[in-house]
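The data blocks that follow each hold one structure.
The following pair of complexes shares a single chain, subunit A, combined with subunit B in the former and subunit C in the latter.
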Partner chain A sequence: MGKRRNWSIPYILFLAFFVLMPLFLIVYYAFTDNSGDFTLEHFRHFGMQPEAMHTFVFSIGVALITTAICLLLGYPAAYILSRMEKKTAKMMVLLFILPMWINFLIRTLATVALFDFLKIPLGQGSLYFGMVYNFLPFMIYPIYNALQKTDHNLIEAAQDLGATPRQVFFRITVPLSTPGVASGIMMVFMPVISTFAIAELLTINNIKLFGTTLQENIYNGMWNYGAALSLIMLLLIGLTSLLNSGGNARAAEEGGLI
Partner chain B sequence: MMKRILSNSYIGLLLLMLYAPILIIVIFSFTEAKVLGNWTGFSLKLYTSLFNGGIHHSLTSALWNTLIIGAISAFISMFLGTVAAIGIYNLKSRTRKAVQLINSIPILNPDIITAISLFLLFVSLGISQGYTTVILAHISFCTPYVVLSVYPRLRRMNENLYEAALDLGATPFYALRKILLPELRPGMISGFILAFTLSIDDFVVTLFTIGNEGLETLSTYIYADARKGGLTPELRPLSTIIFVTVLVLLLIINQRAAKKGS
Partner chain C sequence: MQESENIIRMEHVSHSFGEKMVLEEINLDVRKGEFVTILGPSGCGKTTLLRIIAGFQKTAEGKISIAGTDMTEIPPHLRPVNTVFQKYALFPHLNVYNNIAFGLNLKKLPAPVIGEKVKKVLRMVSMTDYEERDVDSLSGGQQQRVAIARAIVNEPEVLLLDEPLAALDLKMRKDMQMEIKAMHKTLGITFVYVTHDQEEALTLSDTIVVMSEGKIQQIGTPTEVYNEPANAFVADFIGESNILNGVMIHDSLVEFAGHRFSCVDKGFAPNEPADVVLRPEDIYIFEMSEAAQFSGKVTSSIFKGVHYEMTVTTPEGFEFIIQDYNCFGVGETVGMRVKPNDIHVMKKERLCNTFEAVMVDKNHVKFLGQTFQCSENPDFAPGSEVLVTIGFGDIALQDNEEDGMLSGDVSFILYKGDHYHLTVLTGKGENIFVNTNDIWDDGDRVGITIPPDAIRVSNL
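And now, the complex of A and B:
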């Protein structure tokens, strides 16, 4: 089998060309101007432009709030599912994941239709509903996975030693589910922060998120500025995942990730 | 008892929230109204006009493009990813870790970053965008998943089997086909399915690499449609059909798994 080492060469070349090189191009474009000279102008421009800055901060806010709502709604759901009989639980989890098979644009437009149908005006409310609606399953699934793996003996031992149900929940169940919570947070926060098109559809173009700012700049031929904004987003995402994995390095090793 | 009713109704409420929009689509696929939410009496007209094509020829061709791009990308990804997994498995520890790290970049990257980076690659090389660029882009974000699903099979495999086959006179190719391939097949199949699903569901990367020659996939079609201010009514029956198909498939798979388990 030893000689099969060479079989990795085509893929390594592929990765170099289609993964590393494109990322390098983002960095290259971000730090150069139209004629290819080094510049920091794009970052200064971003800092000076209140509108882009505002969208950026607003997007982080939306992502944080969406993640918080998903966690608040998803944790109890995952907990209830994990306490169900295994067969029923499996079916239920499937039901939660099933809507994901429908194209997310169609689902988003259906949410818009639902709001129209109920005569609820589109705005911030519909934005958060749509976001939570789209990403809630990503929160429930990893938490459910972690909770389901919890060793039941630990809970029984705590009960035998006189812990109240409340103590069992907060001192045993919750700490043991942190790997699931960590990957759930990542799986909601990351896509929301970079989402594009959902917000516009849900608010009839009234609210714009950072993903759309990126797209608009690239589409209007502002490649360098667009690349600089992409780099900023990339840094933000790298930072979040670093924070997340730093706080939960041990947890991640225990396999919270699906 | 009370607790149980409460928790069951909580799950019920969440499911209702998740399914309400889908139900609306399914219900309104059985009426003719152009605008979603208007009920003008029961009718199957949207279903027949979806299949007859005609005016909505562009929708059918978008659907075909989606399926073709999905099939080609998934197939190439499966092939490339399997060969790569075998190669990576045999690499020296340090190189292997490095390759695995790069392999995880497309998985961790948000799709808009992947999309913009590939867009910059194609424009700076002056490659005109169309079918080929979309497929290349899809291969680049699908193959890592194939590698990840084939690799564990290699680790679990008994290497001696392969050596034994060679000792008994099998040519390397024969041993590959008769020993290695059957071992890897489940991983390859799940990798293929994953790649296909990711490809047909993709929107952002496709939008950035599809160019402006009029090529459309289902996602870009819907997006363009939505920006014009409304959904083509035929998308309702189409989504209904997709949803019911997936539902039935999953139920069958689940039933079979349950039987096997018991």
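And now, the complex of A and C:
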């Protein structure tokens, strides 16, 4: 048994160096100032500064709207996919996932070029377009997975008991796909909050998202402030995760991806 | 009028999945209020039949009417039937109460009415006070009861049950069988039950429909199906049987296993070959004496709890399975006797293999999808359609399918006392019947060889 435990040492080392230590460093920098003394100054600064707060709230708003659009577009797409013949469906899923094999920065730059070509000015519209374009597959795939795994017997049972196709959809299919939907929401909401490249490129840095603020601070040497901002973002993501973990036990069984 | 008595009518129903014919010319009438069981081995088409009644499967040909109305085109949610599924199919996101109330909620009945109906039906399945429970916290038996409750609360004309007890252990199954029978009496509605367990069918039903390979083999009461099986398949499937080749010398006299016995069957031509069925419990076994009609040596003796099951081999080489309270040990010589009433004689379905064929030339004939060499047949012009007959005992089977002229799968093995009568399904979907002394297994892939002089060619 001891020998087996030794096998996990490389992974523990990896975890320690690349996950725990950076985390510790962030916490350290967030709570100290230039001279190394403990301070809550950075958090206060964040709370006081209207600009920072505004960006923060705006980012959450963008994330919520993007998630909503992805859900509205993604659910029907996943449903149509789940009703197709297995072979066609597999091919279609592949087509959905294929773009993700291309680096997302390249794709975003290509979107910028597309907008230029079509002579559409960049701004909020292009921001949402870029976000949804990038994250839509993350919404479609978990929902499709959950819909696929729905026991066909249940649909037949509902029909047998008198449910019209519409009633079957709203009373059986949708409730049973909730774990997939939850998964999809998580896979979209969390990355959108922290992503900044899309905002930078598709709005020529006109619209600042939280991620951008974070990146700017770190880039410009304001490590302490940046660390504080990081911690705030981490907190937000942690909260969302926790809220979702209520449904996670069943989600894991029924094919949610997280 | 007869029409109103039949709650379900199926006429000329046929269905295939791709190339495979799953149901062939099914004609079935179910009387109102009766308990009908569709009985057969796996793959015989019984579940497909049930699904066609429920509406989950649209039949390619044929018509089905329920309660006098043609339902062939009607989808499942508009039919006055409810199904109890084999795997229960309870909705995991609803508790017991809401599962049962599902159908009633769809009909938008007022809440107090629903409450009353659900309570009443929970009492009927002995699951009162389980309303708030989650369905995954219930045992298999409990889930099955909820599934039954969910179906019957809608007061359907017909209740369909698809092997509902298959996943339960023996004791639970026996208890539930009795409960289902009691429910049928109380509710008074028609039950259509599907199972592969013949004991279950015999216990529960008013009428049994025996199916095999997509065709109905026999319809009758449990006693009829048990005591008077219509053919070798039914005789072999229901209960244990000794099935042997015999000859009806004349009415009431049959010869088999080298001896003559009086029997009660009539309606055969003199010396007509027939199949003889003897139930193991109907053969009297005793120490060898003058009273014996025939005798043999015990070759195996197994205690089965209810009785001893013994195998006795006669000097002529025939094996009989006998069930008796008394034990006779291996090696003992015993005498046996059968009452005339207990000998059941059935008409043979066929005396030899028959195929429609085409003459290729005077030495070759084509059937079963390939050309076979045969003995010279100058009477038939090449290209003409002919009839080919081959005796059961003239065909050879090989382990290796490459060694044979064609290949097939063993689909049914019937022990005839001194040899095996095999049904082999060839690639073309046609059956070929072979007598052999070798022991084969169901599903074995075999090579089939037909020697040229075994092929008899005649006019169509």
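Heads up, the rule we're going with is that the second predicted complex is superposed on the first by the 247 of 258 C-alpha atoms of A that agree within 3 Å, B and C clash if a C-alpha of one lies under 4 Å from a C-alpha of the other, contacts with A are read in each partner's own complex, and residues count from 1 in each chain.
Everything below uses one rule, namely that a contact is a pair of C-beta atoms (placed from the backbone, for glycine too) under 8 Å apart; a residue touches a chain by one contact, two chains touch by 3 or more.
Note that the structure is predicted; figures quoted are calculated from it, not measured.
Visitor: Aligned on subunit A, subunit B and subunit C: do they clash or fit?
Guide: Partners fit side by side after overlay.
Visitor: Taking the superposition on A as described, I'd like to know which of subunit B and subunit C A:Leu154 touches: first, second, both or neither.
Guide: second
Visitor: Thinking of the overlay built on chain A, is A:Thr164 touched by subunit B (first), by subunit C (second), by both, or by neither?
Guide: The answer is second: A:Thr164 touches subunit C but not subunit B.
Visitor: Would you check which partner chain A:Ala30 touches, where first means subunit B only, second means subunit C only, and both and neither mean what they say?
Guide: After superposition on chain A, A:Ala30 lies in contact with neither partner.
Visitor: Kindly classify A:Ala78 by the partners it touches after superposition: subunit B alone (first), subunit C alone (second), both, or neither?
Guide: Neither partner.
Visitor: Thinking of the overlay built on chain A, is A:Ser241 touched by subunit B (first), by subunit C (second), by both, or by neither?
Guide: first
Visitor: As a test of reading the superposition: which chain, subunit B or subunit C, is in touch with more residues of subunit A?
Guide: B
Visitor: Name the contact category of A:Gly211: first (subunit B only), second (subunit C only), both, or neither.
Guide: A:Gly211: touches subunit B, not subunit C.
Visitor: First (subunit B), second (subunit C), both or neither: which does A:Ile172 touch?
Guide: In the superposed model, A:Ile172 contacts subunit C only, not subunit B.
Visitor: Across all Cα pairs of subunit B and subunit C, what is the smallest distance in the superposition, given in whole Å?
Guide: Minimum over all C-alpha pairs: 15 Å.
Visitor: Once the complexes are superposed, what residues of subunit A are shared between the subunit B interface and the subunit C interface?
Guide: No residue sits in both footprints.
Visitor: Given the complex with subunit B, which residues does subunit A contribute to the contact?
Guide: These residues of subunit A touch subunit B: 1-12, 14-15, 18-23, 25-26, 29, 73, 76-77, 80-81, 83, 87, 90-92, 94-96, 98-99, 101-107, 109-111, 113-114, 116-117, 133, 136-137, 190-191, 193-194, 196-197, 201, 211, 214-215, 218, 223, 226-227, 230, 233-234, 237, 241.
Visitor: Within their complex, state which residues of subunit A touch subunit C.
Guide: 151, 153-154, 156-164, 167, 171-172, 175-176, 178
Visitor: Quick check on the complex: what are the subunit C residues that touch subunit A?
Guide: 54-56, 75-78, 81-83, 85, 87, 89-93, 102-103, 106-107, 150-151, 154
Visitor: Applying the document's contact rule, which stretches of subunit B touch subunit A when the two form their complex?
Guide: 7-8, 10-11, 14-15, 17-22, 24-25, 28, 36-37, 80-81, 83-84, 86-92, 99, 102-103, 105-106, 108-114, 116-121, 123-124, 136-137, 139-140, 143, 147, 159, 162-163, 197, 201, 203-204, 207-208, 218-219, 222-223, 226, 231, 235, 239, 242-243, 246-247, 250, 254, 258
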